[in-house]
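Structures follow.
Two complexes follow with chain A in common, the first pairing it with chain B and the second with chain C.
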Partner chain A sequence: MSSPEVLPDSEAKRWKYLNNVRTRPGAFVDPEEFDGSTVVENMNKIKILVIGAGGLGCEILKNLALSGFKDISVIDMDTIDISNLNRQFLFRHADVGKFKAEVAAKFVERRVKGVKITPYNCKIQDFDEDFYQQFQIVVCGLDSIEARRWINATLVNMASCENPDSMKPLIDGGTEGFKGQARVILPTMGSCIECQLDMHAPRAAVPLCTLASIPRQPEHCIEWAHVIAWDKEKPFPQLDKDDPEHITWLYQKALERAKEFNISGVTYSLTQGVVKNIIPAIAATNSVIAAACCNEALKIASSCAPFLGTPGEGEPNYMMYSGNDSIYTYTFKHEQKEDCPVCGMTARVLKVNPKWTLEELIESFATLPEAQLKKPSVRAEGKTLYMQLPPNLEEQTRPNLEKTLEQLGLTEGTELAVTDPAFVGVVFNFSLKFA
Partner chain B sequence: MLKIWSMKKEQQKAENAAGAESGGKKKKVTAAQLRVQKDLSELSLGSTMKTEFPDPDDILNFILYIEPDEGMYKGGKFSFTFNITPNFPHEPPKVQCREKIYHPNIDLEGKVCLNILREDWKPVLNLNAVIVGLQFLFLEPNASDPLNKEAAEDLRSNREGFKRNVRTAMSGGTVKGQTYERVVQ
Partner chain C sequence: MTEIVMDQTPPILQGPSDKERKYDRQLRLWAASGQAALESANILLVNSGAGTVGVETLKNLILPGIGRFVIHDNALVDEADLGVNFFLDDSCYGKPRAQCLASLLGELNPEVDGDWSPKTKQNDSLGSLLKQSPLFTAIMYTYPINHVELETLEQYSKEHKTPLIAIHSTGFYSYFTIRLPGTFPIVDTHPDETATTDLRLLSPWPELVEFANTMTKDIDSLDNFEHGHLPYVAILLHYLDKWKATHNGTYPSTYKEKTEFRQLVRDAARTDNPEGGEENFDEAAAAVLKTVAPFSLPSGLKEVFEYEHKDPIQERSTFWIIADAVKAFYTKHGSLPLPGNVPDMKAQSKVYVQLQNIYKAKARKDAAEVLQTARAIAGTGREVDPAEVDLFCKNAAFVKLINVEGGGDTAPLGSKERLQQVLRQEMANDQVAEMTLQPMSLFPIYLALRGLAHCGNASSDKTQIVEAVTSLLSDNLSSEEYGDLNEKLGNVAEDLARAEYGELHNISALTGGMVAQEMIKIITKQYIPIDNTCVFDGIRSRTQVFHV
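This part shows the complex of A and B:
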């Protein structure tokens, strides 16, 4: 598609109102430190990544394009389902079955001239750090905690003190029915998603025995078919929640069970919803949260106003929203956890002799200034070197004690995770340096 | 963007002033693994329990053996597979009994009805809590949370008869038409 050459002055006219906002210092910005003349040029160069092209993602893509971002990428592995069309407004009936990222990218490119959107129809885990390194800001509109934790850990691991470009602000939006949140993570500089894991209530589960003996709701019958009947009868080797044949099997089983207990309300779409753990999505909540996220992106990119997550005492990094009873929002600071397994401790350098045995290394922990570890257990990047407990694992790893660090394959830069029962809940991290 | 960087440098300066020497690099181990390492090094198994790690490097998968030394299941040896997903501790560990046993809260496929393995799981709970919970199931089988309905009914209506049936099942006998696995030495 050929887009007509846009003249500079018509371009200025087009973005007049946006420019009024982004090129002028906001009320809480020191005018001395703000240079509005470079904002547009800087923002034109920023590469921003959107993760998820679903309910939140559609909104986010549209908002970012209209906020003056020119180079956007989007990752989503899903294809469009007919049930998405009520709120994922970049998709039409004819798009059902196509990749969300691709269709969303094309739609926004068509409607907002001059923006480039690169779609990736795959999982975030398909890419490595080199891929994520090319972006300056990451915005997440996901419904999976697992995916959030993955991207969070990846971005925190990438943040290096030596390289300013390795610091990627992560703007995370999430909604559940009428509730939602927007938060900004500055990797290693403040609280991360892993620190905030307690903010996600684990999914409400029904006791297994209720499913097995006294189902009361249609959902109980479906969960019974899913958790108990499937395992017992194994109609297919592996449950594929996207395979209509599998869902139909579960639906039939649930229906039989519902009949037996005189329960009504088991339908195919409810079966699909329960099995895939779909929480009813409210389009309005998605737009509120996406707007909040994109506001933060604009503020971070332009510096025209302080953003959520600005480092500092008491500065909020988390905005929660609830539309359950009228409308309520609240911002607060979620503190970084010192013992956060992802961002808590940068690995401390530990000077060791490669000729030391593991036993000698372990004895040396007893004299560490920061913590005298008397019963340390040690793992190295996924390899179990020595565990004091449980006894069987101790026995299995005991032969390692006599081996030298070299023999164990430890090299300079290998990271050790050390735990000790005297320091409940703490993992010490060391990066080896050979002396 | 540059602004964030200057903030980071400020923070770094403050930290260096506090004397922390940092390697600056981060670990490649998943959060779930670190958490499991923590949990394992704080594990207290007592004399009735034992673990087995088919691959010591894979601490997310192991087997727990329980040999109750009191109660109706005394003398039996029971084993459970523990499968910890990368989403631990957001998700509870997946625990399954490997033997076919006669127990009101464990079904014939080995599914376990223990509240903290499902509806009452919280990320602050640890592997110790799960192991204590499993041990408790053998000391106090619970007729009000039935997963094996017949066994629960049996326990509720005729405790002595239930005890006898447990013994029969544990030695590899047949109870109510089901043949169970021998779990006594």
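This part shows the complex of A and C:
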């Protein structure tokens, strides 16, 4: 679709409100950084990347298009589901099944004249550093912590002090119910997502023995159906959490088990919630958090006001928002961690029991709040202890799993180098401490 | 864990309906009851000026499925609208803005009815809209609204007890104020799950005592499996008895005593088993500080109990009748009706379910007593819904009043005196904050926005805005108080002036999100709304709530 020729005069009228603010100094601008006469021209050239075209992503695309960004790209591998329609306002019932990135991009391009949006219907991991190098700012609206960690590690790795262009601000938003957070990461210059990982500790898993023999809650019955009954009976070749038939099977299994133990409260909706780990989401909260992120993007791109993440003593980089009980925001500085496996300089201390087997150590990486690695491979000072891949190496190193840390010759202060296929190119360094 | 009392009905073989699937992510927050309230809501937006913040709010209400909305807006779409408002496009240019907005917003959810006004040129079009429309659940208006229309709305709000929400977004700043018709009670406040544990360990009733005694009577001779699966409620009750026996019949009360008691519990765990410890005893020790505490009346409920009514009992909502019944219960028993939920704890399935049933039975008994009292208070000819009583009893400790009328000796809300009071308080707080490097008050932002609205002029400069604030506050303030304010106000006014009364899309989208959250809370009567003004500072990315 070709857009009609826009006259410069009409452009000025159209962007009057935005230009009044971004091209004129306010009371809080840094006069060294701000030059109102070049703002529009500079922002017209900026390439900005949006990761995620879901609840936050739809809002972010709209907000950036109405904040004077002209060249936007968006990555999302997902297709539209009916449960998206209560908040992902760029999608209609007829769009169910289509790619989110594509539908969202087209919609915003059509609505806001003069903006170009390039959709990528794929995973962020499908691209390499060369791809990410072309953008000046990255805005993230994801529900997966894993994807956030991946893009964070990638952007931190790309940053080099010699080349200011390699420093790409990462603006990240997240929501849950009436709550959310917006944060700005300036790679290597401040706290990164990995530094803040303990703020998003994984929910404690229910012990297997509870599921297997002493269930007490409806959730225990559902998890039993999910991890034990499904594996045993394999009613379908592969569990598809989006297939209502599969969920119904789990629901019925859970219900039978609940009956056996006199437990009430197993419902279809709860089954779906537990199995898919559903996080409640509404348009209003997405609106708050996405706009908080894009407000920072505008300030970073134009210098028309101080932004979150500004390097300096006490300068905040994180806004926490809660709307459950009145409205409460806490805007603060999350400090960079020296032992951050991604942006820090020193190895992180890891408390372990020398009597643990290597297998126990490896399992502990998954639940440890500051590690959260699901498929770790471990080296210790040049020696390979366990490799998940390739299969022949896995087989060779498998016997080590049964040995204790002592038997493997690991001592206090031994440095472990841990890698995980979810974070290609990142080495997590830990220093052992016996407890 | 949300505990649902229900019969084991046969499973419904077909999955959820299309509508349940569409609204799944929000039903998990406000359930079917909240959704039904939303679907019967009829919302009016009176739009003006740059016209985006109210539209962003409506978007967030139409998506979750309010029943109906109406947009009243006298403007025709101009070029500047297209650079700030997402729900207008090039084809709207020159047309009535209300009509175009209603059409593009309406696309978001086919289940929502939308209308717009004024459809013809006439005097007092807002007045005739209000006359002709079905009653509005709530009305929002955005600045710069004209005086005549504002008076019309205030009149309507007073007459029909309609919540009125004022929203103002300019440049990097915004605020909104909620004016509710009278005191607004909330029962379903959704407290944090961890806060709701109420085990009554210091005042166990006979059935609970018997349960604990049976479980622990031969505690030392239990085998490792049984010992390791005692529910922590039974463990704590057992050792509290032991403690009492050696402490003149008193429970641990000071922090020091509680930590000693915790140690007693820890030491009672077996460590000679293969695990080298016992999870249930760990849970018991971890629960000591929180659950071994005497009852005290929560402040929210205290306010409910002490509330001085102005209206006769026949005119009060059933909330107040049930509140009176709960108060009678409290006076009689010295405690609240038991909520009845038991947190998950290590135990054998059968034992845990048995314990759950003991708590549930007591909760049912308490609720039945409250229901009986409530019915007596209500008298004949008035229904009291048992479900409403159950909900009140379950949430009694977290019930909350918003917008309390005649609260203490403070100046009336909305008055000049109230503004001065809050200002003095905020300036005093700032002096402390400055020394402790805490963030400064956002009250100057609120004042500057009020000042700007008072000028009502896009070309107002810094000086004019500050002067307008001065006249708003009148001259009762000392020059010292002004001196403190002036610099802060000046900076805000300067930043505000560059916007020329225009909106930034991000600030309006963010504010629209907050207002929509609040509207949802008010419509569903769930969660706790602000009381009553929220200010956003887009330069520092912070909010602050004021009672003005």
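Convention: the second predicted complex is superposed on the first by the 298 of 435 C-alpha atoms of A that agree within 3 Å, B and C clash if a C-alpha of one lies under 4 Å from a C-alpha of the other, contacts with A are read in each partner's own complex, and residues count from 1 in each chain.
Criterion: contacts are C-beta pairs under 8 Å (C-beta built on N, C-alpha and C of every residue); 3 or more make two chains touch, one makes a residue touch a chain.
The shown structure was predicted, so the numbers you read here are calculated from the model rather than taken from an experiment.
Peer 1: Thinking of the overlay built on chain A, is A:Ala204 touched by chain B (first), by chain C (second), by both, or by neither?
Peer 2: first
Peer 1: Name the contact category of A:Ser73: first (chain B only), second (chain C only), both, or neither.
Peer 2: Touch status of A:Ser73: no partner.
Peer 1: Please indicate which partner A:Pro391 is in contact with in the superposed arrangement: first for chain B, second for chain C, both, or neither.
Peer 2: It touches chain B, and chain C stays clear.
Peer 1: Contacts for A:Leu85 in the overlay, against chain B (first) and chain C (second): which applies, first, second, both or neither?
Peer 2: In the superposition, A:Leu85 touches chain C alone.
Peer 1: Considering only touches as defined above, state whether A:Ile247 meets chain B (first), chain C (second), both or neither.
Peer 2: In the superposed model, A:Ile247 contacts chain C only, not chain B.
Peer 1: First (chain B), second (chain C), both or neither: which does A:Phe178 touch?
Peer 2: After superposing on A, A:Phe178 lies in contact with chain C but is clear of chain B.
Peer 1: Would you check which partner chain A:Gln196 touches, where first means chain B only, second means chain C only, and both and neither mean what they say?
Peer 2: neither
Peer 1: In the complex formed with chain A, which residues of chain B make contact?
Peer 2: 1-5, 7-8, 11-12, 20-31, 33-35, 37-38, 40-43, 45, 50-53, 56-57, 59, 86-87, 89-91, 105, 107, 109, 111-113, 115, 118-119, 121-124, 145-147, 149, 152
Peer 1: Could you please specify the touching residues of chain A with respect to chain B in the complex?
Peer 2: Going by the criterion above, the answer is residues 42, 46, 136-137, 145-146, 149, 153, 156-157, 159-162, 164, 167, 169, 186, 188-189, 194, 197-198, 200, 202, 204-209, 212-213, 227-228, 231-232, 300-301, 303, 310-311, 341-342, 346-349, 375, 377, 379, 381-384, 387-393, 396-397, 413, 415, 417, 419-421, 424-427, 429-431.
Peer 1: Contact residues on chain C for chain A in the complex?
Peer 2: So the residues of chain C in touch with chain A come to 1-8, 11-13, 15-16, 18, 20-29, 50, 56, 59-60, 63-65, 78-80, 82-84, 86, 89-90, 107-110, 171-172, 189-190, 229, 344-350, 352-353, 437, 439, 490-492, 494-495, 498-500, 502-507, 509-510, 512-514, 516-518, 520, 527-531, 534, 538-543, 545.
Peer 1: Name, in rising order, each residue of chain A that touches chain C in their complex.
Peer 2: So the residues of chain A touching chain C come out as 4, 10, 13-18, 20-21, 24-28, 59, 62-63, 66-67, 82-83, 85-87, 89, 92-93, 110-113, 177-178, 182, 210, 214-217, 219, 244, 247-248, 251-252, 255, 258-259, 261-265, 267-269, 272-273, 278-292, 294-296, 298, 305-306, 308, 314, 316, 319, 321, 323-329, 331.
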